[in-house]
Amino acid sequence: MASSEEMPRVRRSLSTTRMEAFSDGVFSIAATLLVLDIAIHPPGTALEQVLHAWPFYFAYVVSFLTIGAAWLGHSQLTEGLTRTDPLLLRINLLVLLVVAFLPFPTKLVADAIHSNASERVFVTMYGLALLAIRILSFALDAYARREHLYSPPEAGEEQQDEPREVLPVLGGYLVAILIGLVLPRVAIAIYFGVALYMILFRALPRHPLRAHRSRR
Amino acid sequence: MASSEEMPRVRRSLSTTRMEAFSDGVFSIAATLLVLDIAIHPPGTALEQVLHAWPFYFAYVVSFLTIGAAWLGHSQLTEGLTRTDPLLLRINLLVLLVVAFLPFPTKLVADAIHSNASERVFVTMYGLALLAIRILSFALDAYARREHLYSPPEAGEEQQDEPREVLPVLGGYLVAILIGLVLPRVAIAIYFGVALYMILFRALPRHPLRAHRSRR
Amino acid sequence: MASSEEMPRVRRSLSTTRMEAFSDGVFSIAATLLVLDIAIHPPGTALEQVLHAWPFYFAYVVSFLTIGAAWLGHSQLTEGLTRTDPLLLRINLLVLLVVAFLPFPTKLVADAIHSNASERVFVTMYGLALLAIRILSFALDAYARREHLYSPPEAGEEQQDEPREVLPVLGGYLVAILIGLVLPRVAIAIYFGVALYMILFRALPRHPLRAHRSRR
Amino acid sequence: MASSEEMPRVRRSLSTTRMEAFSDGVFSIAATLLVLDIAIHPPGTALEQVLHAWPFYFAYVVSFLTIGAAWLGHSQLTEGLTRTDPLLLRINLLVLLVVAFLPFPTKLVADAIHSNASERVFVTMYGLALLAIRILSFALDAYARREHLYSPPEAGEEQQDEPREVLPVLGGYLVAILIGLVLPRVAIAIYFGVALYMILFRALPRHPLRAHRSRR
């Protein structure tokens, strides 16, 4: 009994530990660096400046929640891994490359909305970055499935069919990118909605039964 | 004996580990990014510039101690967890969202005090951010209690009634926000006092007896 | 059987754990700070500004992949360690000192390509930083070998002769630094190629057999 | 035998783990943020600009090595801990508060040397920050000794008398601060020397015998 409870720890490779540590580092730093993009600008009273900076707060929240949702999905994925392999680590590096890039288009979008400037290009760039994070995250998951890197499902446990869940998120991003070419602010609202959707509905534990059993 | 000592490690879920890693990342980065807000400005001799920058040092210390106190409370909370659940992870993301935001109002407040500018709005924003961190931290704790995510109290261990401790901190913040509308510098002094209070008096171990027993 | 599987965890010293934590911190922060170097500049339409900023994206990708490859190599190295010693920790600090420095020449190179300015000096500085990371990483590995800090190779496991692998990378860097004195943009292309080479071909697990065995 | 080897892991409290994680975060971020202070300035050719920026590189190296030495000492300290207590966590927060502050005086010193400006004030501030890091680190160690938070020395193990080692470092800092009031550049050279001294001679394992025994 005691030894079966320890199994998950023992079976996890050290590579998994460091993959998680490096990934947690990039996710948390990218999320925290977003604050450096927030700025207030004259003219106006202090109150006006603070209120007119709403696009910066909004873009901060959308990007933070998107990174948070990506981190939730990533932590569920790595939790199910029994081992890593060289290609998985490389796909993971690509995910992190785009996650770490996100503060840049976030800043462009917020700047553009704030100054009523040409938002379309920046919003499209932002949408493409979000889309890339999702596609690469799905690739990470698909590769781990194909190579049997996950721990096998236990009896009574339902194996989730991840790709079917993917469609609403990918579809939402594609629609938003197209809409953003005409109505960039509507696209930003959709990105916010998708982030909320992923935070609220997608981020469920992959193996709820086993999780509860091994933790009580 | 040996196996009972290992219990706390074995019972902790991997989700808890990554929740802690991501949270530690955000807390430590937000605390360290505060230094980027510190700046000296002409005119004046070097000594005058350094001394006149006191609002930046003061705001740095207040925000660092506030984040430090929030981290202390957070580490005590997660230490008592036997497992996490999806909603707990989401409330935690909200806590981190506001913690990671803190460098921005910190900078506004320090800039404003330094240039004798309209401080009230910025100090109010700062106070609201501090208040949000506390309320969300309490929500995290309350949810973990309600869902029985903490390890059960052992015999001879006093169960702390957290909500009663909450009142002086929340009350202090509310009073300071109101005072800040008229006397912003007094409000900042109160925030410093609350941070010291939390560091000095609130940050006691939740389970002092068990903690000592399992560690010796 | 169970106890032999646990061996790798038990034999690893705590120093190794913190060496990894600090290193993961520096690697992930340096990689994520690279995004702060990306900027767009007038004049031009938004689309022109975004497209003309390609040197920043390219430099971001080259440096991110280089840091990623260095991290992959570093994680394989520390995974094989059974213990650390004081000199290993110091060589490691030197590796990290240069890794953490990389965002600075990255920015210089991107700025220079973007403004068609004197690239040669900056590209040379960038190449020297990349070369230093590799030489110090090899020194870290060579020292760990000489001091027998790695776990001994098991039966049936081929001991890799690291120094032979080193030559293409070091040679590529040296050639690129010389070429960069005349054709700086060609040098940057070589650095990109070397980063891809390291990501794609060098980052193989040191002990593939043992890794798989202990993880299943 | 196997269980005695596991002892150090089992006896370590979870608080120690998070204290290390948060501390590693602050140390590695502060060390990596130093790169943001490096800048080149016109006029001059690219080569002149890069060479004239030597004070930035030098200050980067001095501060990075100082933080690295402080991290080495900190990791040795926490490795010997069997448990933490609330006051130790608070003293640790003070250490981190000053470590995270270091990028600011580092920038001031480098800027001042670069522009031949009034260095004395900035160099004094820098020296006081270094002195504070050392004094607080010693306080952390002294408190852990007084409260018996360290694992007891084993037979055949020599108990180090830390305070005697302290004198050359504290003395070096005090002398450098005084010298810096007249000859600021000499003081910077001393800080570099002290950082090298701490890296090269002080950072020896506290418990060399036990360390080797438990790791082989």
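Labels for the chains are A, B, C and D, by order of writing; each one numbers its residues from 1.
Quick note on the criterion: a residue touches a chain if its C-beta (ideal position, glycine included) is under 8 Å from a C-beta of that chain, and two chains touch if they have at least 3 such contacts.
Computed from a prediction, not measured in an experiment: that's the story for all the values here.
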{"item": "Set of chains adjacent to chain A and to chain C", "value": "none"}
{"item": "Rotation in the CA alignment of chain C with chain D, degrees, nearest 5", "value": "90"}
{"item": "Chain located farthest away, centre of chain D as origin (C-alpha)", "value": "A"}
{"item": "Equivalent interface positions on chain B and chain D, same or different at half", "value": "different"}
{"item": "Centroid distance [mean C-alpha coordinates] between chain D and chain B, Å", "value": "25"}
{"item": "Centre-of-Cα separation between chain D and chain A, whole angstrom", "value": "35"}
{"item": "Touching two or more other chains - residues of chain C", "value": "12, 21, 24-25, 29, 33, 36"}
{"item": "Pairwise chain contacts under the document criterion", "value": "A-B, A-C, B-D, C-D"}
{"item": "Chain D - residues contacting chain B, complex", "value": "3, 10-15, 18-19, 21-22, 24-26, 29-30, 33, 36, 82-83, 85-86, 89-90, 93, 96-97, 100-104, 108, 112, 117-122, 125"}
{"item": "Chain A to chain B touching residues, read off their complex", "value": "2, 5-6, 8-9, 12, 20-21, 24-25, 27-29, 31-36, 38, 40, 45-47, 50, 60-61, 64-65, 68, 71-72, 75, 78-79, 199-200, 203-205, 211-212, 214-216"}
